[in-house]
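Comments concern the structure below.
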Amino acid sequence: MQKVTREALIEKAASLLANGTVTSVLAWKKGEFDYDITPALFTGEEEMHAELVWNDFCGANLSKYLVAKTKKAEGKILVFLKSCDTYSFNQLLTEHRFDREKVYAVGIPCCGMADIDKVKAISGDGIASIECAEKIKVSTIYSEGAAEMDLNDVLLERCESCKSKKHVAYDELMGEEGEILDSHRFDEVERLEAMTPDERFAFWQEELSKCIRCNACRNVCPACTCEVCVFNNPASGVESKAPVNDFEEKMFHIIRAFHVAGRCTDCGECSRVCPQNIPLHLLNRKFIKDMNECYGEYQAGETVGQRAPLVDYTLDDLEAGEVFERGGDNA
Amino acid sequence: MQRIGVFVCWCGSNIAGTVDVKQVAKALENEPGVVYSTDYQYMCSQAGQDMIVNAVKEHRLTGIVVCSCSPRMHEQTFRKTAAKAGLNPYMVEIANIREQCSWVHKDMIVGTEKAIILGKAAVAKVNLNAPLTPGESPVTKRALVIGGGIAGIQTALDIADAGFEVDIVEKKPTIGGKMAQLDKTFPTLDCAACILTPKMVDVAQHEKIRVFSFSEVSEVSGFVGNFEVTIKKKARYVKEDICTGCGACVDKCPVKKVPNEFNLGMDNRKAIYIPFAQAVPKVATIDPNACNMLKAGKCGVCSKVCTAGAIDYTQKDELVTEKYGAIVVATGFEPISMEKFDEYAYSQSKDVITSLEFERLTNAAGPTQGKLLRPSDLKHPEKIVFVQCVGSRCASCAEKGKEYCSKICCMYTAKHAMLTRDKYPDTDVTVFYIDVRTPGKNFDEFYRRATEDYGVKYIKGMVGKIVPEGDKLHVQGSDLIANEQVHIDADLVVLAAAIEPDKSARPLATMLTASMDTNDFFTEAHPKLRPVESPTAGVFLSGACQGPKDIPETVSQAGAAAAKVIGLLAKDKLLGNPCVASSDENMCNGCSSCANVCPYGAITYEDKEFRMPDRTIQVRRIAKVNPAVCQGCGCCTVTCPSGAMDLRGFTNSQIMAEVDAICK
Amino acid sequence: MKVTYFPGCTLKNKAKDLDRYARECAEILGITLEEAENWQCCGGVFTTAGDEIATKLSSVRVLKAAKEKGEALVTVCSACHNVVKQTNYAMQNDRSFADKVNRYMADEEPYNGETQIYHYLELLRDVVGFDKLREKVVNPLKGKKIGAYYGCLLLRPGKVMGLDDPENPTVMEELIRALGAEPVVFANRNECCGGYVFAENPELAKKKSTAVLSNAKANGADMVITACPLCKYNLQKSASDVPVVYFTELLAEALGVKESCNE
Amino acid sequence: MNKKMLAEEIIRISGTDPKKCMKCGKCSGSCPAYDDMEYHPHQFVSMIINGNVDPLMVSESVYSCLTCFACAERCPRGVEPAKLIEAVRLFKLREKGKNRMSAEDVSAFCDADMPQQAIVSAFRKYAK
Amino acid sequence: MQVKEFKPLIVAFCCNWCSYAGADLAGNNRADYPADVKIIRLPCSCRVNPMFILKAFQKGADGVILCGCLPGDCHYTSGNYYTRRRMAMLFSMLDFLGIERERTRVEWVSAAEGAKFAATMNDFVATVKALGENKRLEDLRCKK
């Protein structure tokens, strides 16, 4: 797949700004470090030349930011969407979370994004600068010269198991359109399913014990756009600032996964941002896999206006207890 | 902070025999919010209730917990008691320590321990109870009946006789429906017209009934007691109020070859027509697809001969909006198309007909003036074969047939067979059947008469193929009892086509937010206990739109629906169930999940302006629950991702408090 | 348009004219029938049992060959069409069957019923279109009253074959009309001719074939057309004097290439 | 193999569910080979449900079925009796040495006009 | 030292129209089931939020059972169908986390099935008893 260059993005944005189609541009800029790329709103061309970033670390899914930004913006916002981001975009539209008229969506091809932890594993800590070209060149404060690596060797897990290079929503597409891929995204879920309950318990105990309740997963999640989160709402009965007991984190993650079940597009942002590297996407994928198997294939965000499995039913759905029997014994 | 009184009932020895009521009262005394706790032999007795009233006054109670029998037994009683004491009735909670404690546990220690926990849970809940007031809404004292067949007619007459106004909307030019097309009715063999047309006249003459014929419902809004309905009166190009129904226009109309739908296309009508002699309203209608004047601007004969001046070629569809308190659906049925069953050669031979066509062939007002002549050559058929269950009980392919039993075919086939043998004893009549289903008063006797007295041959088996050859229909079928394949050269074959809901029912259900089953029959609010109500409040069901029905059943259901409507319209105000869902607009995301699962269509959305902390105004889509429509199941509350939706009387925090109290 | 063509064994032998006419007419209508390489006999009948694998492999092979070329597969013989289509349906819908077949053919890429299959009649109706066909007719068959005999294999099971309404088909009647002749609808057009049972019980086959043709005749047919060599054989052996020809022969006649085909 | 297992095996081979049958007899009303069968399509269904398969195993009826699929097409319940008959036939043929037709038999019915398809089909139906 | 018998804590969520009435009927018939079962009355099984179940476990419940009307009989026509989907998904998730699948259950009990209600509770209590105390849900986060 041909990469679209940063310059092409800026040129596109500048021309749309100039002809009045949009009044602002939602894209990415550098944060504290070269690999720490964050969403940013631009209104002028110079600003974009100075700050706009488009490289192998632009994992952030911009769809979610439209909810807040469109409420404030006067005119249209241009947003750059990678193929996986377009699913979130549609899902948010299904839920009426922003006004489609206020957005000009430009689809951009994506070859996958880099996982900074994998980069560090090669380069070592203390990254001073990163250059993204044919190869990713990383120099650290501890070593002379730069470590070089292929993007394909340091892909984020979610990009390794990319479900779709196809954009399901856009006003305009840059570069060539990709296809829905036969990803192996459920392999890891299946591996866990094949374990004994004790092994699974041990696995999750290990993983979830790392949780520090920083809420990064929730804050980045494009399905978590609630005006007030239940975990911040005293009337919900599950509000918590500090955990009461050890179960609290567990409950947080189950409830969060349940809340986004049927709405989660499997964009993988939760795992990408987790500072503790908990594979949170596995919880979401477990729900997706179960729903696919029990109620028929469903991809949230594929089109606008879909009815998700949990707000639907058929008269002969399987019983709650039967969910374990489908497809042989997985215990 | 609440001031809660706890009242532990002995229920004689029913509770006190296994639960130490004194200890329960004592244990609950120390629960948060409890300021008074006592026990008594029979809380539900007058003395017991007085005790509660006095305690409320004396201890300035704001909430009450009664530890007694099931709330399904006495919740209403104690709510009234609370009201008597000046408390909001919804400040009462019951701890069920009889059915779910003393009666199922034998050990006093175990029973007492559990009763205390159940009491604690109730106290925890009351602490979070809020006074609830049922919403009130006015009732428009007028009913709408959709469909003017026997079901709609009977419902309308019954409602109107009770003194309420009723409008009937009928899509055809006349009311009367399927029954008007029938010849005789089983099991008494009354003439259908003789018993139906007087009712049609009653409708026409009733001062409380208006008939919108040749009209359709195009929009419905509102809720129980307060519906607003837009009715589309289709242009009939004849002024209904002026036309006298004299028929002069029909006589003179030069366009003669329009298939007559009333006789199912077996003869022709004019471009201007009155469907049948007893039509109500008896008014002519012009068929714009056939009329030369409307198609090409040439002719105008009807206008010239009409002395009343009723013809109006410029008439347009007209929209009428009216308010109603209740809506009755009576959209009826249609026989299914025989297109997919051509093994019976329906499309190949005019002499293969459906049972409804047979009705017209034997009806004195039908295309053959009641003489049984077969359509192809108008000869008297000497051998007739009836085939039952054509398309009914067919599970193999949804687009072909219907999985259900159409219920009426066994009886009308017996009727047809019997009447044929009665009028034409020389006719050989054979019926192929799978099962003969005759549950109903005098039904089986009727069927037996067909075979025993009239000599109708019943063959258990099914026809597999009909081959028209020459002027015969070669019928090949199975006789399962004789274990042989039978071949009959018949002159006429009558197919008992399955019946299905009228095609207009599905879009209507969407407008009404009334639910339907997979076959497009309307769903009843409860299959046993609320069979004539739709789950959507204020929408009632009459006749075959709810499921296959014969005339007696239809008329009884029509009357029952009318009784329900009268009960509703007799009220000046509707008191709702206050335990309904409500959405906190500050938390609602407007995502529509709740509306997806609401079985009653109680949730709508609106854009609302919010003033933000930075003084800007933001517009956000939010959910609104109509408390008059919501029935309080709470399904939306779980679907709501933000927790904005909650259920009054069973709030998230109340239930969590109960869980906490039990698990403490 | 180029399609992969599966003639089947009979069309290479006893039914050569069915084949010749079909190819020639297709060319006129802008479609090239390119014979599949190394095709094998379809086996004549489809065995409905899901655990019968070996007998269906020849169909899978030709389906795969078409898939590899990215072409649709066209058949003319009703029996071949039935076997290939039913096999393809099983490959699409019966997971365990498809898995077994794919395992059996392990050296090759798995096949899951991707190939589009047309019967020649479908090609005429859905790809060429009867209106276009009518334009190409140079020798309209005016005044001929022709009965279309479908038999079983073209239509049933209806859910699988999807060629037409199994109880009230119209494709051949439309073809007859397009060629300028008058179709005669007769109820026995989808009743069995006796099929392979003639080998065991010739009397039964004769009885069935006679019933078909007498019904056609009673409804006024001068001639009956068919797409199936076995039907044609059985019908011709029956006691009737109604001529039975392949539909492609009629097509060739109307398109004016019948003579050249026979040269 | 006991009766019940035999019936179950036949149902498995057929891939259809005879329990869906409502005993309407449309299969036997449709069957063009009815008069040449000892057991008729509806009896196949009923006997297999009842586990009474032995008489079917020794009956000639299975060879009379034309596999014309009329019963399957018209069955209102999707039972498709032809598939059950096919399953019994296969079960018989799969037993060792139970081929009904051999190459020598062909000359008996072969004539000059006979299409190749006829021989192939007959072998599929009458031999393994 | 005598080992104290393990008394499980069971929370049962019952819908008002069918299963709560079924529980009442069990009482009317003086059916016998363990006092470990504590019933919370709700309008419909679809009112049960997964949060309630998790909360119960968090607070020390050893088993949670949901009872609703038989499919097709829901007082609100479709509530239990949604319950069925939600709980199938939730239970599968709990199992995925290694939590004993027997600790959660959904049963459909009609208002006429007092005996079934009691039998269901007896069976469920016995099952949970055999599992022992609910440790996993409480301890999941702590490393051993």
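Here the chain labels run A, B, C, D and E in written order, and each chain numbers its own residues starting at 1.
Convention: a residue touches a chain if its C-beta (ideal position, glycine included) is under 8 Å from a C-beta of that chain, and two chains touch if they have at least 3 such contacts.
Not measured: the values here are computed from a predicted model.
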item	value
Least step count from chain C to chain E, where 1 means the two chains touch	2
Chain B and chain A - chains in contact with each	E
Innermost chain, taking as reference the mean of every protein Cα atom displayed	B
Pair joined by the larger number of C-beta contacts - C-D, B-D	C-D
Separation of chain C from chain D, taking each centre as the mean of its C-alpha atoms, in whole Å	24
Between chain C and chain B, distance of the C-alpha-averaged centres to the nearest whole Å	50
Centre-of-Cα separation between chain E and chain A, whole angstrom	36
Contacts with 2+ other chains: residues of chain D	70
Numbers and ranges of chain A residues touching at least 2 other chains	230, 236-238, 310-312, 315
Residue numbers of chain C (touch at least two other chains)	167, 191
Set of all touching chain pairs, with the criterion as stated earlier	A-B, A-E, B-C, B-D, B-E, C-D
Chain B-facing residues of chain D, complex	20, 22-31, 34-35, 40, 42-43, 70-71, 74-78
Chain B - residues contacting chain C, complex	339-343, 345, 347-348, 397, 465-470
Residue ranges of chain D touching chain C (in the complex, touch as defined)	12-15, 32-33, 36, 63-64, 66-70, 72-73, 80, 82-83, 86-87, 90, 101, 105, 109, 113-126
Touching residues on chain A, where the partner in the complex is chain B	71-72, 94-97, 223, 225-230, 233, 235-238, 259-260, 263, 307-308, 310-312, 315
Of all residues in chain C, those that touch chain B in their complex	159, 165, 167-168, 185-188, 191, 214-215, 218-219
